[in-house]
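What follows is a single structure, written as structure tokens, with notes after it.
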Amino acid sequence: MRANDGVDLDVSWRQVHALLGENGAGKSTLMNIVYGLLRPDSGEILFDGKPVDLHSPLDAIRLGIGMVHQHFMLIPPLTVAENIVLGHEVANRGVMDLTESSHKVEQLSERFGLQVDPRERIAELSVGLQQRVEILKALYRGARLLILDEPTAVLTPQEIEGLFTIVRALVAEGKAVIFITHKLAEVSEVADVITVMRRGRVVGTTTPKESKSADLARMMVGRTVLLRVEKSPAKPGAQVLKVDNLVVLDDRRHVAVDNLSLDVRVGEIFGVAGVEGNGQNELIDALMGLRSIRAGKVQVDGREISNLSTHARLKGGLGLIPPDRHRMGVVLELSVADNLVLDDFDHPPFARWLVRQFNAIRDYAVKLIKTFDIRLQSPDQPVGSLSGGNQQKLVVARQLGTLPKLLIAGQPTRGVDVGSIEFIHRQIVSERDRGLAVLLVSSELDEVLSLSDRIGVLYRGRIVAVLDAEGADRDRIGLLMAGAS
Amino acid sequence: MAGWRRWLLSAVLVPLVSVICGFAVGAIAIVAAGADPLMAYSALFAGAFTNHNALAETLVSTTPYVLLGLAVAIGFRAGLFNIGAEGQFYIGSLSGVFVAYSIRGLPGIVEVPLAMIAGMLGGALWASIAGALKARFGAHEVITTIMLNYVSFLVASYLVDTPGLMLARNVSTPRTPDIDAGAVLPNLIPGSRLHLGFVLALLAVPIVWFLIERTTIGFRLRAVGFNQNAARAAGMSVGRTIVLTMALSGALAGAAGIVQILGVNFHMTDTVAAGYGFDAIAVALLARSNPWGVLPAALLFGALHNGASFMQLETQVSADLISIVQASVIIFVAAPAIVGWLFRLRRAPTETVAITQREVDAPTT
Amino acid sequence: MSEFLQQLDPVSLLSITLITATPLTLAALGGMMCERSGVVNIALEGIMLTGAFIGYAVAFFTHNLWIGVAAAVLSGMIIASLHAVLSISLLVDQIVSGMVINIMAVGITGVFYRTYLESATSAGPGTLPHWNVPVLSSIPVIGPIFFENQFVTYAMLVLILVVHFVLFRTVWGLRTRACGEHPRAAETAGINVHFVRYVNVITSGALAGLGGAYFSLQQIGNFLPNMTGGRGYIALAAMIFGKWTPVGAFGASLLFSGSDQIGSRMQSVFHVQIPLQFLGMLPYLLTIVVLAGAMGRAIAPAAVGRPYKKE
Amino acid sequence: GGTTPTSSSSCSKTWKVGLVTDVGKLSDKSFNFDSYKGVQDAQADSSLCVQGKAIESSTEDDYPKNIGQFVDQKYDMIVTVGFKLGDATIKAAKANPSIKFVMVDFGDFTDNPVPSNLVGLLFKEDQPGFLAGALAGLMTKTNVIGAVAGLKTVPPVVHYVQGYANGAKYVNPAVKVLTIYQPESGAKDFNDPDWGKQQATTFFGQNADIIFGVGGNTGNGGLLAAKEKGKLCIGVDVDQYVSYPDVDSCLITSAEKHLDKAVKTAITSMVQGSFKSGILNFDMSNDGVGLAPFHDFDSKISSDVKAKVADVQAKLKAGTITTGVSS
């Protein structure tokens, strides 16, 4: 499959060049090629007018290309200084000079106003600081062209502002910056030039002046996005989910969910808005019993479920669309049919006395594939051979197929094409109308706004405000997400 | 259609070619050792098949390889690398032989199953230690099973050497008492050592295949093997599955141990086991973790094991030669790229099968 | 009391413990270089056995122990590079590859020992000379323990420091650890992960090969089939018990070999009959305990065991 | 160590003799090796017309199979080395009355009557052990001597060691004898010279000045330690001055059991039709066991000591004294 297809991109010095595209459009892939991590099957790359052949990141670095990856490339047990100098160490005859390294790092952070403690271990740093380290890493290697792959996804608006100032400073210094994102607002704010990608192709290059957000959106997704899923107003009924003062720790044993309380009622969609990394995943894990809770109560239909197993919760009427499809949603090696019964494979009609009943499984699969319009050759083909959108539809089908009373939907449309997005949204809404209670957790504010009946804003692991979706003010929510009270 | 061609390539052709290459490498070693490969191999073949009783003897050594190969394979399917089959084989023999010599005078139909159950339980429990350590603490099973192997040898030598424990009275060799006559597995061919255990091993193949491919246990096991997170999110208990898998694997290894006692040795000595458990890893790899594949693979290893001594007798080439053949075979199986390169197979199957090639989780030790 | 001291004879006890800890430590250091770069090495046993054999064979035919030692190291590197090719370039599971080498080693040493050495009746090349370090060896207690040893043991003592320094003070060490923790990050930093891993795996072969020379050239002056007797696995245990640090591994090796010696002393000198099997279990049980997270969790390099695939 | 058959024309019939080792291989330079030497000697003796071959066993399960190999090839005599093959040998003997069977180091017929085609070769290891002990007891300057032994579960090893201790005490009541048996350890059984070496070194720390190495390569380690530390050492089973030249400079003698002779005797009896089943005991009286020459130490050992040792030897032969070891 082609992740990038006949892409032409032109970046000049002293410019912020925004690369815009929905998830899976091929932005990272393109940049990985520019950075020498992937080899293009055809085409050439010119740098300073000269054609260059990039075999490895080292070649890119030598040319002065630096990249801050979507998923940070930092080594947790090592210190900030060690991470930054790695590969270009300060040393005499092979022996590290750590004091000198730290010194250099300090100078660098002075110069660009990126404060970090060189002796700190990466594992101890916040995401925002880790990103600083990444940028310093690139600058330390003398990057003149700096690629930032979705740098804002994990930042709060303040941090984003900070980042923008840095970016402008860099450009002022004569460097070039490629700024990858799929958030329209950001583009118009920093970009000098904008290139839009869709499904691995460049659909156009423009500037903030020429085209307004709406136009960009159209270019991005191929046609006008419906900012609202048309849906009748909710008729909320009895309370299904009730969470009181929930406290959950993350893997680094820091408080991720902090005294969080919320409730979801029959026939409503409760949307949790928030910047990535504010405790969304930990919240979902805790609700599904995938992560132990430190304190607080979780009740479903007034029944305490905090110490039930995931299995028991699923049987008890919970459904989960995991935020990370490939990690938690599907087993790529197993067949579509197997994946569709992944969470109730072990009882009638799919199994009798430990023996799996393949006819029943197949019939059921065929039915779901039809209702949820999953595009495939056969229910027996491995899920890995499906496109992400269809993989995601499969996950949704599995969860809604079991007719749960509470659906916990994490990033239900991440990395999915627009057609699938609409389809999935419509499914969720229609289930709501049949009385399903939905807890929607998404870092796509637009998704939250368009789907939810009520919206809770998540910040630093707390629900800082709950407001009615009707006429909710986008900017106000933005501020709340940023921690402004 | 391309699907089954790939299957043919990866499940039949590659192993076959690998075995051939393995023997080729062995031949080089024989030449280097100043002997004639043809003579050596024909002696090996004669010792394995054509000599009087040789075939029966080959099947005798095939028996433990089948059961142990299944044991390792079942672990592979759940993403577990059970290097401990050797130790589980040993503990299984211990617990089984204890029952087999303790009970007296019951009919075989009673005694044999009792001994078998004891042996399988022993192996299962011993293996679950490693399983529990991984489930509970994330201790990597490869390391723990290696360590537990040694512990099991020492436990056995302690029990068998210590008067009042399992040491038989007035025997000149340190060993357990002989098992009760009723517990002896009947011979299949009079005058040979081929015993009912071979049939039991054959039966185990479809049973294990059914377990893995057709039951919910097998499904759970495979799902966990492929993607623990997804399995967990789907409500499966990864920890319990790991322990269960190790227990099943250990039970099969224990069965191999006790079958060897009931069919071949009739008592247990304090000498460390034959190393079947380690060869079994190779068997499972060669079988690509497919229960049916275990049969031919085990037969090959049984033949090598059995033919080796005759080869040494006839050509003075050390029986250790078969280790070279075995090692080479695994290399070619585990790195199909080599075979593909050797034979210019376009589209050589580099896709990962079982454990031979994969992104193994980092040991969370 | 003095009677007891005389029987315990701490100086010789410690000196013997240090000597028998030599191959464990060397192999453990090897395993460490390997695993710190992200490659599991359960092949230590096979590498040591090969080193012991080749080292002896070469010494036997050249009548020169030092060429033998060099050959042991070299053969260790050669067989380790097989591990490297399989597990790094061909992406074979590292455990499988290690296992292959262990089996292969038994085969090769067995076959060629039988052909070329077994029937040799003439006296072997002897053992490496004892070197008493002037002055230092005359220090009471310390002297006889540390400064009246043979080459491989001295080398071990030096190499502990060298490996520690390399791992934690040098550029190479930093890159090695980076590859072991997060190879992709290392590559984006411009490091050739495969190169780093190759060098470390081959280095581990050199160290384990030298460990092999301990048996055939330093202690026995002869080769015997299987003469490493599973010490490669105890070395693996020592490496883990020492939490992937040179000094820790050395301590673990001392503990393991020391408990062994004390066990024997119980029997021979103090006539206390404890079942030695239980002492024998000590290394393995301790390792399991550490893996279980008691006595402080042993943290393996995050990426160890994972083949690294360039896109 | 294989050999090519010598089929000298004078032979009306070649007697085929097969030998099966236990898991310790022919390379043990000790009792597997020496037993096979008996076969080879018989083969070298053209008057016997014998052709011999050996199979090494890699696992215990192989014993019956490897015996079977020779049975299938219609061998005339099958020699099994080591008591661990006892059970298998008895079974095979009962099943193949036409073939003669010889068991080295095994004569335990408590629960089975001896088949008429089976002979067990037993050695009174305690006697050479006793002699070696006497020599050590007389030669020690520190009144401390040691024995580094193989597995305690192997009877001959224990006989040697106990005889050694008693012998030393007999000539020198003040002597202190340090002994250690190798712990069960699988691969390292009888094959851990490094361990043996360290044990001997420990004994030197206890002022021992003579080491008796009893137990294949493990014992050899003890001898090596003595050589390196300039102490004295005593070999076992065979004259190790020949079989293990590395330690000649410390080897005052070896406590021998003449496995080769015994095996050859059994073969000869078959060839000459005088084969008798049951147990063949080898001791001082029939010169089946004994003390090896002093070699380099011949000049260094005082005639007085030699006389005393000779005296003890005579008494053992005559049976006027016993070793005090019950076998």
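A, B, C and D label the chains in the order they appear, each numbered from 1.
Heads up, the rule we're going with is that contacts are C-beta pairs under 8 Å (C-beta built on N, C-alpha and C of every residue); 3 or more make two chains touch, one makes a residue touch a chain.
Please read these numbers as outputs of a predicted model, since none were measured by experiment.
Most remote from chain B, judged by the distance between CA-atom centroids, is A. Computed from the mean C-alpha positions, the centre of chain B lies at a distance of 37 Å from the centre of chain D.
Note: centroid distance chain B to chain C, computed from Cα atoms, is 29 Å. Spacing of chain A relative to chain D, judged by their CA centroids, is 76 angstrom. Along chain D, residues 184-187 each make contact with two or more other chains.
Touching two or more other chains at once are residues 154, 157, 316, 319 of chain B.
Within chain C, the positions touching two or more other chains are listed as 113-114, 225, 230, 277, 280, 302. Contacts between chains, counted with the stated touch criterion, involve the pairs A-B, A-C, B-C, B-D, C-D. Those residues of chain C lying in contact with chain B across their complex are 40, 42, 86, 90-97, 99-101, 103-104, 106-115, 225, 230, 233, 236-237, 240, 275, 277-278, 280-281, 283-285, 287-288, 291-293, 297-307.
On chain C, the positions that touch chain A within their shared complex are 169-175, 177-178, 181-182, 184-192, 302, 311. By the touch criterion stated above, chain D contacts chain B in their complex at residues 2, 23, 53-62, 64-66, 68-69, 72, 83-84, 86-87, 106, 108, 110, 153, 155, 184-187, 189. Residue ranges of chain B in contact with chain C, taken from their complex: 29, 32-35, 81, 83, 133, 136-137, 139-140, 142-144, 146-148, 150-151, 154-155, 157-158, 162, 278, 281-282, 285, 316-328, 330-331, 334-335, 337-338, 350, 355-365. Put simply, chain D touches chain C in their complex at residues 1, 25-27, 146, 178-181, 183-188, 191-195, 197-199, 201-206, 217, 221, 224, 228, 242-243, 245-246, 248.
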